[in-house]
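Shared between the two complexes below is subunit A, which has subunit B as its partner in the first and subunit C in the second.
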Partner chain A sequence: MTTPAIPEGVKRCSTRQFTLWLAVVGAVLLWGVYAMFLIWYKGLNQTGMNDAYGFALWIWADLAVIALGGGAFFSGFLTYIIGKKELKSIINYAVIIGFICYSSALLILALDIGQPLRGWFIFWHANVHSMLTEVAFCLSCYFAVLTIEFIPLVLENPKLDRIPFLHHLSHNMHEVMAVFAATGVFLSFFHQGSLGGVAGVLYGRPFAFREGLLIWPWTFFLFTWSAAAVGPCFTMLVTWLTEKITQKKLVRPEAFELLAKISGWMLLTYMIAKIADTWYWAAVTAPARGFSLMEFYSNNPIYGIWILIAELVICGIVPALILITPKWRENKNLLVTAAILAVLGVCINRWVMVLQVMAAPLLPFQDWYMYMPTWQEVATTILPVAYGAILISLAYRYLPVFPHEKELNPGQ
Partner chain B sequence: MFPFSFEWVWDISHLVFMGGLWYALSIIGAGMTYCVIKSLIDTAADEPGEGGHGHH
Partner chain C sequence: MAQQPQHTKTKRYGMVIDLDKCTGCGACMVACYAENNVPFRQDDSDKMRSLNWIRVMKVDNGKAFPDTEVCYIPMPCMQCDGQHMQGHSPCVSVCPAVATDYDYPTGIVSQIYTRCFGCRYCMAACPYHARKFNWWDPKWPADMEKYLNPDVSARMRGVVEKCSFCYHRYQKARDKAYVEGRDELHEDEYQTACTQACPTNAITFGDLYNPEHAVHSLSRSKNAFRLLERLNTNPKVYYLSSKSWVRRVADNYLEGENPEQVAKARKAAATH
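Right after this comes the complex of A and B.
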C-alpha cells in the first residue's frame, strides 16, 4: 500500500493490518500505563523494593536498555567521526533504537524516583560528589542529542519534507551531525562508565567493589566497553527481526558485516579485560575483605557459579569468537545467535551488578536476601518494549529509515 | 545550578560537574541555533514557488 505519507517507492501493509497490529501492542502498552499510574498514585509500596533493595528490577532494566542503546553512540561514532560510510545503511535505525532505549530509561527513572515532579532537583540541587548525578546529567543531555539525531529523519517524511523550512532544517542538521555525534560519544562515555562506577565504588559490598584507576573503579571502563561492544549487536538483532517480520532486505550486507566484525573485536577485548577483572577480584579484592569466590555463588536458590560461566563464556567468549571469524559471521544464523548471546551476556552482567550485589550477604551471620518483583514492576518494565515496538512500526511505515530499501527490493 | 545559586561553592567538584553540564548544553544549544537560523536564511533565499526536494 502507498499513500502520500509513506516514503516514495516502498510498499507497506494496509492501514487495517497496521491498525490491528497497533491495537495488539497498544493493549500491552495500556497494561503498563495502568501499572505506571498505580505507582505514581499509590507510591513505591506498589513495588517489591524495600530497605534492602533500593535498586531492583527497574534499575536492572535501566542499565540493560542503556547498554543495548549503546549501538546509537558507537555507530554514530563510526559513521560520523571515523567515516565508515558502509554504516549509512543502518545508522538511522541505530538512532531510532537508541532513542527508544534512552527514552525508556528516562521513563523508568521517572517511576523509580517516586516523585517525578521533583525530578529537576537533581539538576538544580545537584550532589556533585555522586556518580549518579553525572549519570543524570549525561543521560538527559544524550537523550537531547538522540532527539536531535532523530529529528532530521522525521522531517524527511514526504509530507513534512514539502515544507521549505523543515526541508532546509533537516538538511542543515545533517550537515552538522558530526558535532552532535561527537557530543553524544563524550556524554555516552561518561554515563555508561558512571553506571558501572556506581557498583564499583560500593566498598561496603565486596561482591561489587573493584579497585581501579584514580577515582574510577575498573567497572567504569568495563561498562562503557561492554555497551560499545554489545550495542551494535542489539542494533543488528532488531534489524534482522524487522527484516524477518517485513520479509524484506533492509540493510546492505556490508553494513552487517562491518558492524559484526567491529562488535566482535570489541567484545573479545572486553571479555579479556572482564575475565582479568574477575580473576583479580576473586583472587585479591574479595579475599582481602574476608570473602572467597564460592561464597558469592552458593547457599542460595538462584545465584550459582552457572551465572558467572553463562556471562563470561557462553554469552561472552562464544559470541566474540563467532563474530571475529569471517566464515562464521557470514552465516546469518550464526551471526544472529552470536548477537542474541552477546545481548543476553550484557543483560546478565547488569543483573548481577544490580541484584546479586543486593542479595549477597555482607556479614558471616547474614543470609542471602532474595527479591521478587511485583506485577506492577514487571508491567512497567514490559511497557518500554511495547512502546518501542509501536515507535519502530510508525517509523518504518512513515519515514525513510532504510536508505537502501528500494534498491535491495527491486521487485516491489 | 548556577554560580549565583545559594548552594553553589567554588570548588573543583562544582566546576567539573556543572561546567561539564553547561558545556554540553552550550554545544547542543549552539548547534541547534545555527541550524534554525541557517534554515530561516535558506528558506528566505529560496526562489518563489521552489519547494524542498531531497538533496541530502
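Right after this comes the complex of A and C.
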C-alpha cells in the first residue's frame, strides 16, 4: 500500500500492520516514560544506586550508546571528508542511528542528575577542568550537528519535498554537508575522548586511572578510537537487522564491504593500543599504588578475569581478525557475528570503566560493592531502544533513507 | 576602630586522630549530626544510603581469639590537597559546575549545595567515600526543627554533601578576630564539633603549618600516616597508631612490600 507520504517506488507495509507495530513498541515506551516520571517526581531513591555506586547503569548506557552512535561521525568523515562514495548508500541511516543514540544519551543524562532543573548549571557554572563539562558541551553541540544532518532527510519526505522552499533548503543543506560532517568529527573526537577521560582522570580510583598525554589520560584516545571502530559495526548491525525485518536489500554490498574493512582495521589497531594500555596499567600504574592485577579480578561474585579476556580477545581480537580478512567478511554470517562481538566488546569496556570502577574496593578492609538496578532504571534504559525502534520505523516508512533501495529490489 | 588586618597567611587546617585512643564510641558522629544538621531517616538501616559526615570504621587484625585486635577508624572528609599539593583534590577537579571548591587560604574543600546539581561525579572520584548523596528530602521530627543549627544550611534532595571541617565555626572565629584586629586565630578558637565531642581526646585539630598548633608536631610523629597515601591524594587527616597491622590496612601493598619502606621511599621522592 502506498500513500503520498511514502517515498515513490518503494513498498511499505499496510497502515494497519504499521500501527499495530507502533502500538507494541509504544507500550514499551510508555512503560519507560512512567518510570521516567517516577524518577523525576520522587528522585533518585527510585534507583538501585547508593553512596558507593554514584555512577551505575545509566552512565554505562550513556557511554555505550555514544560509542555505538559513533558510526555517524565516522561514516560522515569517510563519506564527506575522505570521499568514500560507496558509503552514500548507508550514510543516511548512520545519521539516523547516531541521532537516536545521542538524543537517548541526553535523555539519560537528564534523568541521572539529582536536581534536573539545575542541569543547565553545567554550562553556566562550567568547570573547565572537568571532563564532564567537556562532555556536556561537545555532546550538545554534536547533537545539534546531527539534527542539522538529519533535517535534509526529513525534508525529502514526498509531501514536504513538494514545498519549493523546503525542497531548496534540503538541496542547499546537502551541498554544505561536508562542513557539518567535519564539525561533527571535531566535536566527536572531543566528547568521545572526554567520556574516556571521565574515568581515566580518577586518580583516586586505581582501576580507572591512566597516565596519558598532557591533560588527557590514555582512555581519552582509546574511547575515541573504539567508538570510531565499533560505531560502524553497530550501523551495519542495525542495517542488517532492518533488512531481515523488512525482507529487502537496502544497502549495496560494497558499502558493507568497505565499512567492515575499515572497521576491522580500526578495531585491530585499537586492540593493539588497548592491550598495550592494559599491560602498562597492570605492570606499572596499578602496582605503584599497591594493587596487583588480580586484586581487581578476584574475591567478588562477578568480576573475574573472564571479563578482561572477553573484552580483549573474544570481543576484540576475534572480530577484528574476521573483519580484516576479505574471505571471512564476505560471508554475511561471519560479518554479522563479528559486528555483534565488536559491539559487545565496546559495551563490556564501557561497563567495566563505570561499574567495575565503582565496585572495586580501595581500602584493604573494604569489600567489593555490588549493585542491582531497580525496574525503574531498567525501564528507562530500555526506553531509548523503544524510542529508537519507533523513530527508525517512521524514518524507514516516510523518508528516502536508503537511496539504492529501488535499484536493489527491482521486483518490488 | 580596630586596625585593618594585613594579608593573612595561608593555613592548612588538618586533623590528627589517635587510633590508639579511639574507643569507637561514635560521639564524634553524634556531635557532627547535631552541629551540621545532618538528616536521618526513621529507618536508617541502609548504611549505603544513610547520611553522615564522619563515620567510624571497625577493622581487625584478622587473627582468631585470643589474638584478635580491633581498631576503630573515624573517617571524615580527608580534605585532600590533591596531586602535587595544588588543591586539585580528586573531587574538586572533576565537578563540572564548580559546586565543590578548594579554599586556598584554609585548605578546606567546600561544597556549595545550591550549586550542586547531583551528577555524583565527585562521589565517583573520592576514594574515601566521604561524599554522601541526599537520596531523600530531609525530614526532622516536628520539634527537632527548633534544634537545628542556624549557622549551617540544610540540604535538599538530589545534592551531594560532606564534612566541611565545621567551616561555619571558622567563619565565626575569623569574624571575631577581624573585629578584634587580629590576623591569626588561636588554636582553641576554631575547633570542629567532632574534636570537641571526643571523650578520649583522640581527635586533634588545627593548622598543620603552624608550629604552635598540636597537629603540626603530631602529624610529623613516627606513628603518623594517612589513608591511601599511595594514591597521591594528599589528605589532611592524619592517623596515629603504634600497631603495624593498623598501618598495613590503611593502604594497599603488594606482596612482600613493607609499609615503612614504602613510606620512606615516598618521603625521599617528595624531598627530591
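Note that the second predicted complex is superposed on the first by the 412 of 412 C-alpha atoms of A that agree within 3 Å, B and C clash if a C-alpha of one lies under 4 Å from a C-alpha of the other, contacts with A are read in each partner's own complex, and residues count from 1 in each chain.
To be clear about the criterion, a contact is a pair of C-beta atoms (placed from the backbone, for glycine too) under 8 Å apart; a residue touches a chain by one contact, two chains touch by 3 or more.
Keep in mind it's a predicted model, so treat the numbers as computed, not measured.
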{"item": "Partner chain(s) touched by A:358 [first = subunit B, second = subunit C, both, neither]", "value": "second"}
{"item": "Partner chain in contact with A:292 - subunit B first, subunit C second, else both or neither", "value": "second"}
{"item": "Partner chain in contact with A:186 - subunit B first, subunit C second, else both or neither", "value": "first"}
{"item": "More subunit A residues in contact - subunit B or subunit C", "value": "C"}
{"item": "Which of subunit B and subunit C A:176 touches, first, second, both or neither", "value": "first"}
{"item": "First (subunit B), second (subunit C), both or neither touched by A:125", "value": "both"}
{"item": "Partner chain in contact with A:163 - subunit B first, subunit C second, else both or neither", "value": "first"}
{"item": "Which of subunit B and subunit C A:133 touches, first, second, both or neither", "value": "both"}
{"item": "First, second, both or neither for A:44, with subunit B first and subunit C second", "value": "second"}
{"item": "Which of subunit B and subunit C A:201 touches, first, second, both or neither", "value": "second"}
{"item": "Common interface positions of subunit A, toward subunit B and toward subunit C", "value": "124-126, 129, 133"}
{"item": "Residue numbers on subunit C that touch subunit A, as the complex places them", "value": "46, 48-49, 57, 59, 83, 88, 90, 93-99, 115-121, 123-129, 131-137, 156-160, 227-228, 230-233, 248-255, 257, 262"}
{"item": "Subunit C partner contacts - residues on subunit A that touch it in the complex", "value": "43-45, 49-52, 54-55, 112-116, 118-119, 121-122, 124-127, 129-133, 136, 198, 201-206, 287-292, 295, 357-358, 362-365, 369"}
{"item": "Contacting residues of subunit B [partner subunit A, same complex]", "value": "1, 5, 7, 13-14, 16-18, 20-21, 24-25, 27-28, 31-32, 34-36, 38-40, 42-43, 46, 50-56"}
{"item": "Touching residues (chain side subunit A, partner subunit B) in the complex", "value": "123-126, 128-129, 133-134, 137-138, 141, 144-145, 148, 156, 161-174, 176, 179-180, 183, 186-187, 190"}
